[in-house]
Amino acid sequence: MIIVMKAGAAKKDRDEVIKRIKELGYKPHVIHGTTRDVIGAVGDERGKLVLQSIESMHGVENVVPILKPYKLASKEVKFEPSVIPVTSSLAVGGKRLVVMAGPCSVESEAQILESAKAVKEAGATVLRGGAFKPRTSPYSFQGLEEDGLKLLAKARDLTGLPVVTEVVNPETADLVAEYADILQIGARNSQNFALLKKVGQLKKPVLLKRGMSMTIQEFLMSAEYIMSEGNQAVILCERGIRTFETATRNTLDLSAIPVLKEKTHLPVIADPSHGTGDYHYVAAMSCAAVAAGADGLIIEVHPDPERASSDGPQSLKPKKFASLMERLRKISQAMDRDL
Amino acid sequence: MIIVMKAGAAKKDRDEVIKRIKELGYKPHVIHGTTRDVIGAVGDERGKLVLQSIESMHGVENVVPILKPYKLASKEVKFEPSVIPVTSSLAVGGKRLVVMAGPCSVESEAQILESAKAVKEAGATVLRGGAFKPRTSPYSFQGLEEDGLKLLAKARDLTGLPVVTEVVNPETADLVAEYADILQIGARNSQNFALLKKVGQLKKPVLLKRGMSMTIQEFLMSAEYIMSEGNQAVILCERGIRTFETATRNTLDLSAIPVLKEKTHLPVIADPSHGTGDYHYVAAMSCAAVAAGADGLIIEVHPDPERASSDGPQSLKPKKFASLMERLRKISQAMDRDL
Amino acid sequence: MIIVMKAGAAKKDRDEVIKRIKELGYKPHVIHGTTRDVIGAVGDERGKLVLQSIESMHGVENVVPILKPYKLASKEVKFEPSVIPVTSSLAVGGKRLVVMAGPCSVESEAQILESAKAVKEAGATVLRGGAFKPRTSPYSFQGLEEDGLKLLAKARDLTGLPVVTEVVNPETADLVAEYADILQIGARNSQNFALLKKVGQLKKPVLLKRGMSMTIQEFLMSAEYIMSEGNQAVILCERGIRTFETATRNTLDLSAIPVLKEKTHLPVIADPSHGTGDYHYVAAMSCAAVAAGADGLIIEVHPDPERASSDGPQSLKPKKFASLMERLRKISQAMDRDL
Amino acid sequence: MIIVMKAGAAKKDRDEVIKRIKELGYKPHVIHGTTRDVIGAVGDERGKLVLQSIESMHGVENVVPILKPYKLASKEVKFEPSVIPVTSSLAVGGKRLVVMAGPCSVESEAQILESAKAVKEAGATVLRGGAFKPRTSPYSFQGLEEDGLKLLAKARDLTGLPVVTEVVNPETADLVAEYADILQIGARNSQNFALLKKVGQLKKPVLLKRGMSMTIQEFLMSAEYIMSEGNQAVILCERGIRTFETATRNTLDLSAIPVLKEKTHLPVIADPSHGTGDYHYVAAMSCAAVAAGADGLIIEVHPDPERASSDGPQSLKPKKFASLMERLRKISQAMDRDL
């Protein structure tokens, strides 16, 4: 950590800072500048954010962290990209892209089975569908809960597609893990640390969505929560951040893909459905995500979007999804990836 | 709800929309414009967000909601400001301002008792202190948990100050409610709907913090979650939103105070400590919040910020807090409020 | 425009609004809702933003515009994509993608000639380079001004590449237009209306960058300023918006590409160099932009980024640029475009 | 400046960086950390942003600036608050607050004279009014231009109030300076460097508005542009930043006031009219700005907001303005200021 002293700070203040750095177990190292001093605190600063409190000391202008606060998620700890096995025949993060597709919510047996067959046929490799739904309104449809999980299992039996579905509460996490192949943590729960710890103790891959106002560093810290509990199988998902722009529901931050690829070994996929909130833009952003280096996609597909209980406006019809898959195959080839 | 048709949409498309509006139980009402038609769907649209799915229909440009999606929190349901009783002698939302003060985390018996005495003496009316701490790093201090709750109770016995502390997990909510007088929901859990429902079932006032990227409408929807479970005692807290500006940790959105006062009967307080992240700016923003019409403040005060386990840089020393209280008394008078 | 009355607004208030709508030359149309009335004002609302002032009237909750405020830039006026000719052999917006490349600033004859040869060889079709530089610091290098323009002209003579360079002041716009083939309006001047009007009167294509906090609608309004002065040759450029994320200098909003393609006939290119501010991410975002449907790219290339007067950290070396062009050719094919 | 090397960077890379630091005229100072080296570059880094280009060098992770890039605006250069004289009897930045009030646009002689008399009577000390209007739509009212300036001069003759009005183009700046007492630079021109340089050469105080997505540091750099041309009479104005929140037109960042007071000697005022975009919230935010330590306010007042050519929804009627002034007098007293 670097402590920047104020211009003209007293020697006494500097000495107090040096003393405090030593107390905390670091080695101080002073650089005398032309207008002010800068003090390096040498040592592993991770997990010791208490150094930040030096900012309260007299004569200190500010404190600049040097090391990244995450370890297990970091490329410094593991350089090679992680490949996360889901089933015996499917893994996320290798040469082959993953495409997770299906409706926002499981609504009925007919709806989920029809969706599953359609996305399977078009080439998707994972079925998505929500049974527990975090909705901004208490008056909106909240999901079929355990009945929804059972229907997802039925769809898996029928198609062979593994299932990804959301976990919203530590209390029901074990129940969801009985049915699901991949546990999804939604954007609104991305800093629900009790929930992150809970899924860190389970033995299932986790699809972690980026929060709406989460920096990339905080995103990796949330992955670190899961990993520090013992579960290394974390798949990151960029799903759009909140900005001033209202033409799209969120702003899909595709630059997060190369940035994450530089900082972490974990696989990264993109969610163009939530990222744009409008089915018109889903195909373009799916192609763009793959060209940006994503390891896969999660896309909302609904047989009858006009009658969907949730997220109708951003869902593709099966036919549009199938033609998107055609285009994605060409882009994958151009990127030396398989689909 | 208003459905805006595309310029030149076919009559067939318009008829389909009209049919769908009727199916959903609304009364359609067409306005023929110069370049396009606009269709009103008359009826109570709250709780029926499914109307939004009309946006997927052919020929529809977009769907504009007219009614606010919250009811219980709305001024249309209850016009008079709510006054939330905390103890027999303290209420939030009346003429008298509330000042909640104390350290970010409960660290030790000495620390919390010293803090409690200091803030009481300066005129604070509620003691704050975290026992369960949601931290962005799994390696940071996570709070003293139940031991922390016991120390808070001891500080209450000593000073008579009621206690506000954070709830982070539905599983430990009952435990926290045994000790606390006010249950705090933190910014990162402001859309943790499982937790909101849980505190909605408890019989204690809830201090609900605004999420970092939460619109005012979403903030009121989170209050609605608590209220729709039966607990009407919700105190809203503006604590800064995330913006591009990095000179402060967050941007304290004081305009949220008059906006909320216009839309809801619930009391509104401000948190200038998290809002700015820097003790230098806490006094100015405390005064500003009261002048903007806040019903109170929650302020971090620590006897030794340079050694705090968390949030040192934004904590006031007791002496500075006492002098701030002096200034706040003058501002309160200017605003025809008591302190 | 739709005027939403307050719940329970008096009949008198509604009558006043109706009267005012008629005064302004519109036809009022009332929808009686269950809790409130909504009044449509039928007529062409563009250019008559004065309707917005009805929001000040008693009993009015808010005013919702229905029509987009731009005309000439709109697809409703011209449905087919515009193809903007630059030279006899180059146009922007057709099947063939444009790649503009070169250094941020023109620094010396050797530097700009070397850059021009390198980008030409790799396949770029336009040379970029700044002669007038808008810098956030008055103490930074401000460009070679007219000498820079002359060097750009020399580089054009040598390579045959047309030149794009920035205009920063109405007073020097004619001078720049003597030398440049495309006039660039930078992000910081994207709402400098005096400058927009000036380039609207010139007979050269304009490359209009999106402002850092500009909505897509405002972006199209700035294009409308240029077009309404008579110059229809506007090329739009997404170059990143300002968000809370600091891992990149800006957040490149690639979803702006499909959104713009839906709303306007003007061509759209992307600037991954300013969009990310870091050369490590430029290749990934270039590929992504083409896959999102961009009509081209503008990329910073410098023979010696470590010694660049400006924007070194985001400039590609010629060799990296050449290998990026290889990849882009593959992606273009996958998108049925030429490069 | 601090150069952070990558973990495990080669000695050769470090040596290259050291060599380059020396070449640029700085003194390198290496701190050997546990996992990586950090190199301080000692010397005055202001005006030499070229150090930033070291970020392109092999083995470098990032470059952290230590010094602020502004000088003349900085408190390090001038510690005492600047008091800017406007007329023989009015100055901005002293104990007495300034209140600038009047309509958004000058619309007619009757309108501006009536406005001037009303705001004078209520206690305003400067008259505001726009003659050249930067509007987002080319089809909106663009101001009365020189005729508007003449009407402002007439209103000044009648009331004795000095006049603040906007400059939008270097070409017409001299003309505006003939009539105005204070030259306003609007938010959209806050990084129009050609215009900043021009008003820096004039001998009139400048009211500089913060741009919609401008950091506080960039705001001070724009002030520095004006000051470095010789004009030290700069009054800063916080007028709201662009965020995700749509309940207000902008988010008035009142924390900018204490932050600016800490960093600069220049006076700071607030604009609650543009900051909120809604007259309902103007009074609350005016009071809050004064309590946050602002040196004054600029407020839109219009005798007939429902018929205003621009900004009707955010303008106060004279009666409401007068009652706000009553409240502001009380708050000023509580803050030990005069009004």
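Letters A, B, C and D name the chains as they come in the text, with residue numbers starting at 1 for each one.
As a convention for this text, a residue touches a chain if its C-beta (ideal position, glycine included) is under 8 Å from a C-beta of that chain, and two chains touch if they have at least 3 such contacts.
Model, not experiment: these values are computed from the prediction.
Distance between Cα centroids is largest for the pairing of chain D with A.
In a homomeric contact, the two copies may use the same or different surfaces; for chain A and chain B, over half of the interface residue numbers are shared, pointing to the same surface. Remark: chain B and chain D have CA centroids separated by 31 Å (rounded to whole angstrom).
The centroid of the Cα atoms in chain C and the matching centroid in chain D are 26 Å apart. Multi-chain contact residues of chain A (touching two or more other chains): 213, 242-244, 246. In terms of which chains touch, the assembly is arranged so that all chains touch all other chains.
Contact residues on chain B toward chain C in their complex (touch as defined above): 2, 4, 7, 29, 31-36, 38, 40, 42-44, 64, 66-67, 76, 242-244, 246.
Note for the complex: chain D touches chain B at residues 213, 215-217, 241, 243-248, 251-259, 261-262, 275-276, 280-281, 284-285, 287-293, 327, 330-331, 333-335. Looking at the complex, you find that chain B touches chain A at residues 20, 46-47, 49-50, 52-57, 69, 134-141, 168-171, 188-189, 191-195, 197, 211-213, 218, 221, 224-225, 228-229, 242, 279, 305-310, 312-313, 315.
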